[in-house]
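Mind looking over this structure? Questions follow.
Chain lettering (A, B and C) follows the sequence in which the chains are written, and residue indices restart at 1 in each chain.
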């Protein structure tokens, strides 16, 4: 996986908006469609697994304790990484877009481009070799990886604010800090939030790969299922991880809509 | 209109302040010629000064140096005797109304929040702010009940422009800077806005610098007009009537174009002319004493008769003919704009 | 932390350069094949749904959801059916490439301003001709941007596919993992990762060139 360019993400914000088909029930259902589909898939999977005769290996994995533990590991990794990314990348993005130094901005953009081209699995494994395996390494590589979409979207979001509006605000006597807080950030927030949403989805995906460096998570189930040729284990792991990803994306979409300033 | 409550860096008794620019220049790095070259002007309190000139002459740059959106390279600017360059720019701007051509309303805020921006920056109480918002919306002829809670994108261009003006007036600043504020509207809306603006200015009498490239607008609105050439060189700075009757050079004359006298007539009300006694036979048309001489001439030409009647409050009080109109024109030459 | 030995790396590369080139070739091939298939499928779908609001939003939402599914999960799910190696890799990569291409096709076709379409129909062009002579050329830059994004995505995901014996440089990265502790572990992983980065950047540059030479001057 690598970084999706911010334009697409910006497109993502734009594209999801106004076209709602006619009819009053449909938009409501449409909004919950991902949840419905996920619930249906989870139900089907559970039904299918319960109908199977599980051998001892499968039983050790396909029980509530094991699954819940893996889900928890996965979510902890995802959420902690995303919070760290938000706290680090957004202020950094603001600082870069404010910077007068062309050199600095160009360097950052250059590094971002290289970062975008880097495969997630490479980052995870390199870090594990050079440092150590385990949770912390996974966390660091997740943060490093999700940093980019948030950084790029913060910069892009601030850049697309109409300069006339900013001039109006300064002309009225707002200090640069006030302009940032009251005008620029609210107007940039749809794009910034789209970046955070992308970062979250990436985090779920890379957390899956964290299994390779002993960081736990649902990737364990997938890998074990593959290695030991136990399809049910593999299926449950994969379905769960996909479900989590879709749900987190959906939730992030809700937050995006909720936080979006009215009038835009 | 509520009495001016804000003092800020400019403290005056009646709210209007004068502006002095002395040898103000702006040079951009890397450019040989200055954008604005040694601009000097004194603006009286309560005056509406128009800066007219072609695109690129630096008129907007000059205006933007007054509130330091663009910092002057040299020269001094004083408002109410205070050196603008020594004040904190943010404080300064909270006491200057600023309207730009693209309006720049905050799309993510309601109309009332937009207008309340500067009052909130100045720490006004909620009640005072709310009252002021309502007052201003009424003044610019937008019903507060309907418009206060709406968002800019729900308004037409003309309506947005009015909100822009209301926003600039919110904290009741003594000085206003306006850069082609009516430029982005269609001619019909623009005329309405100009008429409303004149009414407003008659009421509140702020000191206003108004930038435009439309000479007709300048004549219609300004107390004094500065015709600007390259690098904001002042070619002529005088009342509309004086400029029309005595353009300083060919450059200024080119702005006026043809029909200078007719344009001057539009500035003179019929009451300024010497009326002849009422004609024995009522004429085919009547002009009101509050109308201007160009309307009178228009009717005279239309009817083809020797004179037309002048009415006041519905009652005919006299008559007017071509000679009287020309006489009035000659009499007001050099006397400044009346009415 | 293992120390970094440049000499060791250079020797390593020297011994394996033909191996590396072969892997680069495989990686490139699998990316191009997958994106190619996705291009045909994606633009096809885009052309079908671009002016039908409901189907359009269903198509785009579905593809968007597909993109959120972690690649390892998808690859693992495909392998019981498609085995290991090229099969699941290509299917998964096509899967992920669909969203950028479909969405950009749709956006690109809708970008064409209505007045232009009207004038084309007004001079008597049939809808197919309008499509090919007006809409696609104008939509092309945006579709190309979508393909570029798809390539970026797939270059990265292809690296993970090595886990299910997929082709390409991911094999070196995973070899680095499996030989953890040995003196060449870092070299494998580093070579694999850096090669992917270089490949991605080069492909991106190629796209810039394609854009420069195929986008009509009037649109730039």
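Everything below uses one rule, namely that contacts are C-beta pairs under 8 Å (C-beta built on N, C-alpha and C of every residue); 3 or more make two chains touch, one makes a residue touch a chain.
Please read these numbers as outputs of a predicted model, since none were measured by experiment.
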item	value
Busiest interface, counted in C-beta pairs	A-C
Chain nearest the overall C-alpha centroid of the shown protein atoms	A
Whole-Å gap between the CA centroids of subunit A and subunit C	19
Whole-Å gap between the CA centroids of subunit A and subunit B	54
Distance from subunit C to subunit B - Cα centre to Cα centre, in angstrom	59
For subunit B, residues that touch 2 or more chains besides their own	none
Interfacial residue positions of subunit C with respect to subunit A in the complex	1-2, 53-54, 56-57, 60-61, 64-65, 67-74, 76-77, 79-80, 100, 103-104, 107, 145-146, 148-149, 152-153, 155-157, 159-160, 163-164, 170, 173-174, 176-177, 180, 185-186, 189-190, 192-193, 196-197, 200-201, 204
In the complex with subunit B, residue positions of subunit A that touch it	162, 164-165, 167-175, 178, 183, 186-187, 261-264
Subunit A to subunit C touching residues, read off their complex	1-5, 7-8, 11-12, 15, 19, 21, 30, 33-34, 37, 113-114, 116-123, 125-126, 128-131, 133, 201, 204-205, 208-209, 212-213, 219, 222, 225-226, 231, 234-235, 237-239, 241-242, 245-246, 249
Subunit A-facing residues of subunit B, complex	67, 69, 90-96, 98, 100, 102-110, 117-118, 121, 151-153, 167, 177
